[in-house]
Structure formats: C-alpha cells, structure tokens
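Residue numbering begins at 1 within each chain, and the chains themselves are lettered A, B, C, D and E in the order written.
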Amino acid sequence: MNAEQILFILFGAVSLIGAVSVISFRHPIYSALSLVVTFFAQAGLFILLGAHFVAAVQVIVYAGAIMVLFLFVIMLLNLGTLSAKGAIGPKVKGFAVILGILLAIEGIYIALNSANDTTVAAAESATGTTTTYDIGKLLFSEYLLPFEVTSLILLAALIGVIVLVKRESQEEN
Amino acid sequence: MLLSTVIFLPLLGVIAIALLRGLGESAIKGIALAIGLITFVISLGLYTGFNADTATFQLGGTPIEWVSGLGISYHIGIDGISLWLVLLTTFLTPVCILAAWNSVEKGLSGFMMSLLALETGMLGVFCSLDLFLFFVFWESMLIPMYFLIGIWGGERRIYATVKFVLYTMAGSALMLVGILALYFQNDNSFDLTTLSGPFEHSDLLFLAFFVAFAIKVPLFPFHTWLPDAHVEAPTVGSVILAGVLLKMGTYGIIRFCLPLFPDAAEKFTPLIVPLAVIGIIYGALVAMVQPDLKKLVAYSSVSHLGFVVLGLFSKNPAGLQGSVLQMINHGLSTGALFLLVGMIYERRHSRMIVDFGGLSKRMPIFATVFMIVTLSSIGLPGLNGFVGEYMILFGSFVQGAFSKVYVVFATAGVILAAVYMLWMFQRVMFGTLDKTNENLPDLNAREIVVMLPLLLFIVWIGVYPKPFLNKMEKSVGLVVTKVQATPAMGQLENGVPVGTKLALRETEHEKSEKEAQTK
Amino acid sequence: MENLPLFFILSSIVKIVIIVHLLLIGVMLMIWAERRVSGWMQDRLGPNRVGPQGLLQPIADGLKFMFKEDIIPDHVDKPLYVLAPAMLLVPALITAAVVPFGSSIELFGETINLQIADINIGILYILAITSLGVYGVVLGAWASNNKYSLLGGLRSSAQMISYELTLGLGIIGILMLTSSLSLRTIATEQGAYPWQWNFLIHFPAFLAFTTAMFAETNRLPFDLAEAEQELVAGYHTEYSSMKFAMFFMAEYMNMIVGSAVTVTLFLGGWHFFGLENVGGPVWSGLISFAIFFVKTAIFLFGFIWVRWTLPRFRYDQLMNFGWKFLLPIALTSIVVTGTLWIMTGSRLVVGIGNAVSAFIVVSIVAGMLVMTTPKPAIQESDSRFSPTALDAVE
Amino acid sequence: MLLEYYLILSALLFTIGVIGVLVRRNAIIIFMCIELMLNAANLAFVAISRNLGETTGQVFVFFVMAVAAAEVAIGLAIIVSVFKHRQTINVDEINSLKG
Amino acid sequence: MPIEEINWQLLMPELVIALTLLIVLVFDLFDSISKKVLGWMTIVGAAIALWVSIQMHLDGTVGIQFNQMFKVDNFSLFFNMIFLISTILVVLLSMSYLDRGDKKQGPYYLLILLATLGMMLMAAGNELIIVFLGLELMSLSLYVLAGYFRENPASSEAGMKYLLLGAFASAFFLYGIALIYGGAGTTSIPAIAEKITAESSSPLLLAGMFLLIVGFGFKVAIVPFHQWAPDVYEGAPTTIAAFISAGPKAAGFAAFLRIFMEALPNLQGEWSGVLILLAMLTMTVGNVIAIAQTNIKRMLAYSSIAHAGYVLIGLAAANNDGISSAMLYLLVYCVMNIGAFGAVILAKTEDGESLMISDYAGLGTRKPLLAMFMSVMLLSLAGFPPTAGFVGKFYIFKAAVGAGHIWLVIIGALNTAISAFYYLRVVVTMYMREPEEELEFSPYASTLVIGLIIAAVGVLLIGILPSLMLTPAQNSVF
C-alpha cells in the first residue's frame, strides 16, 4: 500500500463520513459543516488526482464562498429550532434508504464492470498534474464558448439575486 | 370547382355573418337563408352535371397539393353515393335555417354561423377523396355541432354535448390510427382513389374504421349518446344530427369499410349483422315506451339506422342501394319528424305525449303533415320509407351474405315501427283535446314552406325512386364488386327495376353454391 | 511521494518549526507594538511596566489568559463554540506555508529556499485558505447564541465574501505579467529596485488589494464584526481566557501573514536595491530574510497607523465601498493591464495606464454616487450635534 | 489508484446526496444535498479526466463550480424570500399550492 | 492551440440577443425611460434574431464553431425560431401584466433574454458541456422568474419548488454526462456517436444515458418526474408559466433530440423502449389528472405534461419523421399554449386574476373576443382541425405509425379524446353556463391582444396551411 492509496482511503472515508453526516445531522449548521468537511476531503482527492487547480478552486468556491453563503442564510433565518418539526415518516425514509442502497449497489456494479471498457482500462497510464497554465490556456481557446456562457450564467445569477432580495426604494418610503 | 364552391360557400356565409353581425337579426337570418338557398341551387348543378354512367369520382377538379411533405392533397369529388348525401345536406340546411327563424332566443349570429360551418364540414366529409382531408372535415364538423347542442340545447345540454363529442372523438382516434396505417401501405399517400387492397392487418384496420363509424351511426352498443344528444339539441340540431350526421357513419362504412377491407368485412359480418338487428328491435322497443316525443323519434333513428347497416352488410346491389336510399329517406322523414316535434314544442313547451291528445281537431294541417311523415317513417308503400326498407330487406333476404333469420327479425322491426309510430300518433292527435291545448295555432305559412319540400321528396321517392337509384347505381355497383368475392354478382343493368332480376340472379347463385357444396 | 529525500523532509520540518515560532513571536511583538504605537499616537505611554519598554507585557497577558478559568457558557452550542477559535487560528497559521520569507541559503551543499513549500498554485492556496478564516468568525458568532455575536458574524461573513473578491481580482494583474501562480516566482520576477516592483505597475490593484486585506483581517476601519460600541465585541463576546486569546492571536497572525503576502506580491519581496545579493550564499539569504522582515514590519506599522487615522465604516458604506469602488478598480485594472500588456508589452505603459484608468473610474463612481444618492431630509434635532457630524465622529 | 475506486466513491457520494434530497425536509439541507450530488459528479469528472490523460474533465469541473455558485446564490435568495412569507422552509409545510 | 477564427455570421441570432440584453441592461439604469420601452426593445431584438434565424434557415447556413462545440444547422435554427417566437409572445403578454403591480420590469426582460439565450445554446450545443451550461443558464433565469413576484407567497413557493427540483434534475443530468464521459471518453456529441459504434456499450454509458433521461424528464416534466409542474405553473406569474411551458420545454426536447439521436443512436435499442413507456405514462397521467383540476393554470400544467408525452412519441419513433414531427409539434404547442395562457391573463377581474374554471362562466357573451381566443387555443390544444394542434398531433402519430409503434399511437389518440373532455369543459363553461356572480372584468390591454392575435392567427394558419411550417421542420432534421 503506497502513500497514494493511504491518502485515497483517508480522504475517501472522510468525504463519505462527511456526506453521511450532512444528511443525518438534525441541525442545518452541522450539516453545512459536514459538507465543508466533505468538500475539503474532495479537494484532497483532487490533489491526489493531480488536479491542483481544481482543488484550490474547490476550496475557494465551495468552502470559501458557497458554504459560507449557506451558513449565512442558516444563521440569518435562525433555523435551529424550526428544522426539527415535520420530519417525514419512517416509511418514506425507509423507502428512500432502500432506494439509495440500490442506487449505490448499482453504481458500484457499473464502476466495477466498466473495467473492461477500453477507455477506462487505459487507466494509470496518465498521471502527473495539470497546471493552472494548461487550464487557463484551454479556457481561452478550446473552451472559449463555455467560458463565455458561464459568465452569462453568473450575470443571470447576479440579476436574479438582486431582483429577489433587493429592497425596493418604494418599500422604504 | 363547382363542388368546392358548394363546400365552401357556407363558410363564406360564416365569415359574412361574422362581419355583418351588427346589421341586426333579420339581416343575419337573411344572409344565412340566402347562403343556404344559393348553396342548394348550386348543388343542383351537381345533379345535372353528374354522369351516372360511370362509377368514378367526378366534379372535383384536379387535386391540389396541400401538404406536400406528407402526401396530402386537396382532392374532392363525388360519386353516386355521395351525390345524394351532398344534396340532402344542402337541401336540409336552408330548411333548417327557415325552421329556426323564430326559435333562437340568444346569439342568433352564432347559431347561424354554427349551422353554416356545420354544413361545410358535412359536405367536406362527403366529398373528400383524401383521407386526411376527410378526417379534417370529420373532426372539424364536431365543433359547430358541439356549440349547436351545447349553447342552444335544453336542460342537460352540456352533458349531452360532451358525451356526443367524446364518443365521436374516441371513435375517430382509432380511425386516425387506421388512416395512418393505410397511409404507409398506400405508398405514403392519403389519396383514397389510389387505395387498393389487400392491406396488412386489414382486420384491425377494418375495426379501427368501423368502430368510428359505428359510433356515429350509431350501431347498437354505441348508441347511448344519441338519445341524449337528440333530446337536448335544439330542433334544428336534431334535424341535422338525424338527417345528415348519422349518415356520415353509414357513408363511412360504404366508402371505406366495405370496399377497402372486403375480407375483413366478410369476416366480421356475422358479428355486425346481429348488432344491426338488435339495434332495429331494441330501438323500436325502447321507442315504444318513450313518453317523450323527441326521445321516441331518437330511438326510432337507432332502429332505422340498424336497417341501413343491415343493408350495407348484405353486400349486394339491392341491399346497398336500399341502404343509400334509406339514408336519404331517413334524413327526410326523421328530419321532418323532428321539425314537427319542434314546432309543437314551440307552441306548447312540452314534448310529453301525455300532454297532448286530440290535436287533429285544433291543428288539421299539422295533423296531416304529421300523418304523412309518420307513415313515411313506418314505410308505407307509396312513400319513401317503403322503397328503402323494402330494398334492404329484399336484398338481405334474397342475397344476403348472412343467415335469413336475421332478416326475419329485422322485418319484425318494421312492424314494431308501425306499432310505436301509430300509437304515438294516435295518442297525440286523437282522443280528447286537453284544455291547455285548445288555443294552439295551426302551422303558419313559414312552417308550411318548411315542410312542403320535405313532403314533396317523401312522396317523390316513394312513387318514383328511379332517378335516385339511377344516379347511384354504378357507384354502388363498384362497391359491390369490390366487396363481393364472386365478381359475377355485382353487375347491374342500366335502368332495370331492381327487384325481379336480382332475385333470379340470386337464386342462380344459390344454386351454383349448392352445387358447389354437393360436389 | 515515497522517495522524498530525507534532507528535504528534515529541512522542511525545521522551516516549519522556525516559521511557526517566528509567527508566534511576531504576534507577541505585534501586540506590544500596537499598544505602544497606539499610546504614542494618542500621546500617552502604553504598557511600559513589564520588562524593558513593556516588552514582556504580551507574555504576561498570555500567561493571564492561560491561567484564567475557561468558561463555557450554558447556552452555547458547545462543539462549535470550542471549534471556532481553532478554525480561525489554523488557517492563519497554514497560510504562511507558501510565503517566501527570503531568497535561499546554501547549507550542507543543498540549496534551501526560505519558504516552507513553493507550490505551483501558491496564490490560489492563499486565497483558498484565507477564505476559510470566515468560518471561525461565523461559527464562533453562531455558537455563542447571542444576538450581538450573531450580528457580528453575519456582518463578518458578508464583508469577507465581498472583499475576498477584490482580493482575488487584485492579484490577477500580477499573474498576467508573471504568468505564474507561484509566490516565489512572483517575488523573483520583481527586480531589485522599487520602481520595478509590482505596486507601481499595479498601483490601483495594490490599493484595492491592501484595502481588501484590511477588511479580511477585520481591522479598523473594517472591524464591524467586533465593533465594541455596537456589538459588545461582536463574535467573541462570549469568549474568554485561552479561547479569546486564540481569536486575538489569529487576528494578529492574519495581519502578519497578510502583510507578508502583500510584500511578496507588490513590494518586491526580499529585494532591496540589490542588497539581498550581498555576501555569500548563506549571508545573502539571511539578508534577504531581514529585508523581508523589515518590509513586513513597516507594512504592519501601517495597520496600526490606519487604525488610529480612519473612522469605522457604517455597514452600508462598507458594502458600497467594497462593491462600488474597490471592485470596479480591480476589474478595470485587469482590463487595462491585459490590454496594454498585449499591445505594448511595456511595464511602464501598463503602470501609467493603470493609474490613469483607476483615477477615471474613481471619479466616475464617485460622481454617480453623488448624483444618485438621494439627499436625506435632515431632521432638526434637539442635539447640538448635527446628524452628519455624528456620523463623522463615529 | 484505479479509476473504479474513484467512481465507486463518487457513486456513493451521489447516492447519499439523492437520499438526502428524498429524506430531508429542510429546503436548505435539500439544497446542500444537491450540491453534494454535483460534487460527486465533479469527482467522477476529474478521475476520468486523469485516467484519459486529458484536461477536459477538469475544465468541466471548473464550469460546474461556477454554475453551482450561481445556483446557490439564486437558490438561497429564493429560500430567503419564501421564509419571509412563511417563516419556515420545511418543504412539507410549504404547500399552499395544491389543486 | 491557436484561437480559431470566429465566423460571426453563424452566431448572428445569439449575438443579436446578447446585444439586446446589453442594451436593455444599460437602459434599465435610467429611471427616466418608461419601462415599457424595455419590453419593446426586447421584442424588437427577438424579432430581429428571429428574422435572422429564418434567413439563415432559408439560406441553409450551417457550420460548426468554437472547437466543434457550437453547431449551427437547420435543426438549431428551427428551434431558435420556436424560442424566439415564444419569447416575443411572452413579452407581449407580459407588458400589461407587469403593469398591474409596481413590478420592476427591467430585470424581468433581462432574465427572459438570458433564458432565451440559454435555450438557443441548448439547441445548438454540439458538446455536452454547452448543453449543460445552456440548460443552467435557462433554468437559473427561470427559477428567478418563477419567484419574481416575491411579495406574493405563491410565487416565491413556486420559485422554490422549481429551484429544488430543477437543481436536483441538473445534478442527475450532470452525473449522466460524467458517466458518458467515462464511457465514451469524450463529451463531444459526434465523437460519442463514433465511440459507441466502435465499441460495445459499456455499463457506464447505459447508466449515463438513463441519468440523462431522468434529468431531461424533470426539465420537460415527463411523468414520473412531473410533480413540480402544476405547483410551479400555479404559483408562478402567469406569463412565466406560459414561458416555462413553452420555450424551455422545447429547449429541453431540442437537447434531448440532439443527444439521443445524434450521440446515442446506437443505444436506441436501450432507450426507445423506455421512451415509449414514458410517453404512454406521461400522456395518460397528464390527461387524466387534468380532468380533475378546477384551477385553469393547474389544468394547463397537466395538459402541458400530457403534451410532453405527445412529443415523446415523436422521440420514441426515432426516425426522421419522428424528429421533425416533434419539432413541428413543439412549435405549434408553444404558440397555442402561450396563447392559452395569454387568454388566462386577459381574463382578469378588477381585483386580480380569475383562475378558477368556474369563473369563466358566461364569458362567451360578455367577453366574446376573449372567449374566442380561448376557444381557438383550447381547441388547438385538444387537436381539433383546422387548428395547428391537429396538424402537429397528426404528424406525430404518423411518424410513430411509420416507426411501427401502433399501440403507442392508439394510446396517444385515445388520450387526445380524453384531453378533449377537459379542454372542452372550459369552452362549455364559457359559452354554455351562466355566471354565478357578476365579476368585474378589466378592459383589454392592447399588447396582450396583439400577442393573442398573433398566436391565434399562427394557430389557424398552420392549421390550414401546414406546409408553411411542416416543410421547414422536415428540412431541419440535423
């Protein structure tokens, strides 16, 4: 067992535990924090996969921005006491869990069976890291269009959020 | 061109009324009547221009490509069968407009527009030679009819109209599938004239079409919408419904089911004929116990249309011709009956038989007209009903492709018809005059004008049906050749009275059959 | 990863130990300095009893914190309450890992960079880790279960997210010219002389970055999260003893690391008129480290200076400032830098262009703000201070 | 490290996310579970991308993150505006829309 | 890699919309400009883009841009037409609708334009990334639009439901893309098709494909992924309900068609059965539940679900006719559905909207014009000739029969009959029932009437002269 495997198991386990915690903690704040843990572990996995840039962005965007936003809203709405109410019945829960387990088994099955696949079996030939430089270059040449579209998406989000939460001047008066 | 004019002139009327709505009620009525009459007059040109020596479709002009991408064209034309139905339609429409002169209380323009639009739809159905076009007209005619019943109908009009539309839609849904299936077997074309069998899955296709038509006819188990629709429809709606709409079912059978899928028709005859006979008897029995005049007439339609279907499935010239003739007859006499019921309803605001009695004293003209129409409906010799029913029964009995037992039962239906009709007549016209009915006025001039043409044709067909039969002979013959296994059976000689010769041929045929069997 | 040279591991461990200790010592010095400088600015003495010039005062404070009773209030959310200070301190510490504190020294025949790890995404690493700092504040605030704390937390999270943007954007101009994310490369690329340093070329970005840095470290004039007058110390109201000390340390550590990063990015790192190259391989390294240290210290002095110069922002002013001034400046700087760099390839032109464009942007924004802001109807109050004057005092 | 393990991990994470969406009633937690699902997809992308020795997957992840950020911003704004009306974000209690 | 030369001509429709977006964005800043002007700008921009698209379609301008990612062909241009027509109609309906409250109008038009742009990208995407991003651009704008009336609790709730389920769907979609990327080693649509022919289908590909179906299923509201639709339609502003039911649905199907027909045709054996099943379910469930609705917006929502089922028939047919019939149907459906919603908007009382079907009683005599519009749209939705709805359905059924799916068509045709029931019920109410209480109706807004006239004329024109749109649709198969 080499270092990479150890680290994979470590990060993988952490991310799984985090993920399970997300859905099992009662309190949204704890869920959110568990999600942060998962994201961190995933950033670790990305580094293992040689995707340093993605790992950094993962932390900056997910942990640094998205989850803070979540925390912010949870705190703003002070959801602590409210969330306990109206939990769903055990039947639905059981169903969901069974469904989930089935999905998971299927996923594992698919993943294991894909080993025969030539594209997948090409495995481990490629290692090494992708530099930010490479990604930057790709973004502005091959992936120019998606990049521009992403900017539009952000514009849409910007406009949308302003529409949804900005206090109107009439209301103030 | 002529035919297109006939079809679309009423639609022009619809637009004209829509635009000139502001001119007032009399103007609307005037426009509607004028359009109806002009259409009728022009359609008479179809009669004179029709060449009875050939069974091909005529007068339609060259087909115009409509939707090139789907092989759909605007292809119309008439043959000896549709000619009469077209004429019946153009004839009944002005009659209806006149009959509705004073009875429409609200939305007169809408009423007239619906009526004229309906005419276009019906004419289109009878003239279409393209399956798509046919289906378009078939479906679009539903909408005006829907409004006619739904807006100007009686108490339970909404129930009735929705039932009517849903039944028809359900049927036409299947027909649509059938049409599409035919399309692919017809070299990606919807042209009816190029359709020639045998088709794959012809049994299923036959059923798809037949169910749609059977609902429209209506054949026995599919008939339940009819009494509701008739009872709730305004008088004019009933007239059109009984006079023309029901014929679209039988027309469809003779135009599609029989010639396109002869094998399947053969196969299902043992199933359909009993249904037709059940319809005859059942309709008659139910009519007998109806307390409501309109319902009685409605059930009598079920019975009469049973005859028509019986005749169609006899698959011989006499039966088929009788059927076609009976379609016209039924249109005339049942239409007239509905008109009369409507007239009396306008006066008395009741259709219950018990509310009447002794009317003949107060309303002699009405009674006379009623008598003639009733007798026509029963099938009294000398009036139109007799010719049709006789030919049907004769054809089915002598040459029918099914057991004669059915014909015996069907004949019982004729007797039953006499029973319920005459009984009804007696209860309404004779006996003591109720006090409330003492002041009922007799028919006025307009109403007489409405009824006279109907009576004229009732008598004409009864006395001298030859011009009618002549025109349809070739076309019916063509259907018969297509539907009959043995080609020798189909031929008809020009102008020969139908009766005896046919009988002889039939017996010859039977002989040969028996010989074949003994061998 | 398996066959790392032993020397590398050893030297790394040594570097880590040294830097961590340096930071901790730096924190203590900073606390002392802050108090002394504050005193000096306010024309008073500041701590001067413990040790020479009061130099040992931080240690005394530290001891006091350590031996104080560790109170955990009943109403708090315990796990998070305990976690929060650590969440603030740890990011502050590990950010230092990628900062180059000097050029390099040669020892035992090996070259040792004066930097714990020179990773190729150095700046992103810093941004990533800095962005985590907010969790400490937010969680501490929330876990305290106290509305003032919560308000502080909310303010802080909004503020940090807003200014992080400027922080990130401010760097991009530099990245465009150096085409590397490695801090060491960026530091080396800047020449020996001040006019070759980035702060001149990217002057607007430098200002924006520095300002954002102030906001990120929750220093005045951006200390709304803990504004004593409004929030009773904000997010750390409920904290005491060592936990409070950790918050305190984290803040100073952030300042130190932030200054170090700014020095690296904008102020030429360890370069100073070629002085860093004087002496042998060992000495030059140490000299470069000293230069770096001095630069950082000067910058840190700036923090204290600003603290006693500028009044605290009101919350909406803070947001307006971040979004309507800093962000446009940073964005313009990116556009101008990119365009001029591609067109001319001359740092001089880029520098001039940046300065001019920033001036224009500021003028436009200020003009628009003046035009669009509705004049508040000033109410006659009983107070002898006018409301506007009150704002200024605050 | 074989690709399969990464894919299995990603499938597990995705599944947990799905379960979370189905089981939890708190809109914000549901939303977080959706983020978890997106992340699982990201992991798969990066793993596959490494395996193929190309960068497409990583670039894709970059876009996904941008999209996720936008989605979260809008989503939270909407959740807040619902909360203003209803004082709850429990999806079972938010049911004024029913025919 | 050198940055390729960009052929701007190919991007004209998108560029025009983007430019309009910027113009509206800038003009929105000026308070002095009447907000109606912004609406007209949007319409003009969309109309120019529409015109350009039509011209390009007529000229047969095709090409691939941006490193094979953006494919302009007749298919995408035809869908552009659908989207732009929807946009124009919706904006026409919106102008007076937004006037009712003091709603901010600028962002509304901006979001509509952004959504339109997203849809256009979905139709033109030749790469799964583009499709995903287009989808998200569209969805995000729509989430906001659904919750646009934030002072209205129903609108906010609609926004939230749409958001949660939409994001959930996006996650499935994305995971599907990831798995397909794993299975095929590429995300470019033509390359995937090549890969799949070269190799046997891997479980990764299959799983990815099913996840894509789930994702699309949510987006276009296919049973059993349809639960959001009624709630969202009911709660969202009516104009937005119209918009959501039209353009985005078409866009979803555009990408659906593109991906399944172009990238995964070799998996047809796997997906066509699923689609047939889904089509049957969707039509039946949609229509049957629609019968029970008393709120017209909910009714239209279920009807829209059912219509998605009809389009699925075209997809399941999976031949050229199937594709073009689905396209034609989507066009027709967009026009008539927006028209129906427009009539709902037009039928408003002084104190708000009248949304219960029973409130429509007596409209036939009191508001004949409105009742006529409504009837035309509903009859078209029900598939009566001579309206466009009939032509669309006919063509779809024809395609399916051609592909041998007789049973599917029979179920579809019977569903048409079922659907006639609830569509006609509204007509019944309008013309045949007497109003129980006298509602005060507000006067017609001119823009709304213009929009409805366009829709009605379109519906009848396509109904009478189907070749008008049918030939372009047939020419637009990839």
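The rule is short, and it goes like this: a residue touches a chain if its C-beta (ideal position, glycine included) is under 8 Å from a C-beta of that chain, and two chains touch if they have at least 3 such contacts.
This is a predicted model, so every value here is computed, not measured.
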Seminar exercise, completed: Under the touch definition above, the chains in contact with both subunit C and subunit D are A
Exercise. What are the chains that subunit B and subunit E both touch?
Worked result: none
Exercise. For subunit D, which other chain has the most distant CA centre?
Worked result: B
Seminar exercise, completed: Judged by C-alpha centres, the chain sitting nearest the middle of the protein is E
Seminar exercise, completed: Most remote chain w.r.t. Subunit C, using mean C-alpha positions, is B
Exercise. Across the interfaces A-C and D-E, which one involves more C-beta pairs in contact?
Worked result: D-E
Exercise. Whole-Å distance, subunit A centre to subunit D centre, using C-alpha means?
Worked result: 6
For this session: Measure off the straight-line distance from the CA centroid of subunit B to the CA centroid of subunit C, and report it in whole Å.
Result: 94
For this session: Calculate how many whole Å lie between the centre of subunit C and the centre of subunit E, each centre taken as the average of the chain's C-alpha atoms.
Result: 51
Seminar exercise, completed: Rounded to the nearest Å, the gap separating the Cα centres of subunit A and subunit E is 30
For this session: Identify all positions of subunit B at which a residue touches two or more other chains, and write them in rising order.
Result: none
Seminar exercise, completed: Where subunit A touches two or more other chains simultaneously, the residues are 4, 53, 57, 65, 69, 76, 106-107, 110-111, 114, 119-120, 138, 143, 146, 150, 153, 156-157, 160, 164
Exercise. Which parts of subunit D, given as residue numbers and ranges, touch two or more other chains?
Worked result: 3, 7, 10, 14, 17, 31, 48-49, 52, 63, 67, 70-71, 74, 77-79, 81
For this session: Any two chains that touch count here, so list every such pair.
Result: A-C, A-D, A-E, B-E, D-E
Seminar exercise, completed: The residues of subunit D that touch subunit A in their complex are 1-20, 22-26, 28-29, 31-33, 35-36, 39, 42-43, 46-55, 58-59, 61-63, 65-74, 76-81, 83, 87-90, 92-93
For this session: In the complex, go through subunit D and note every residue touching subunit E.
Result: 3, 7, 10, 14, 17, 21, 27, 30-31, 34, 37-38, 40-41, 44-45, 48-49, 52, 56-57, 60, 63-64, 67, 70-71, 74-75, 77-79, 81-82, 84-86, 91, 94, 96-99
Seminar exercise, completed: As the complex stands, subunit A meets subunit D at residues 4-5, 8, 12, 15-16, 19-20, 22-23, 28, 31-32, 35, 38-39, 42, 45-46, 48-51, 53-54, 57-58, 61-62, 65-66, 69-70, 73-74, 76-77, 79, 82-83, 85-88, 92-93, 95-97, 99-101, 103-104, 106-108, 110-112, 114-115, 119-120, 122-127, 130, 134-135, 138-139, 143, 146-147, 150, 153-154, 156-158, 160-161, 164-165
Exercise. Can you name the residues of subunit E that touch subunit A in the complex?
Worked result: 1-4, 18, 65-67, 69-70, 102, 104, 107-108, 110-111, 114, 117-118, 121, 127, 129-130, 133-134, 136-137, 140-141, 143-144, 147-148, 150, 159, 179, 182-185, 195, 199, 202-204, 206-207
Exercise. Can you list the residues on subunit A that touch subunit E in the complex?
Worked result: 106-107, 109-111, 113-114, 116-120, 137-138, 140-146, 149-150, 152-153, 155-157, 159-160, 162-164, 168, 170
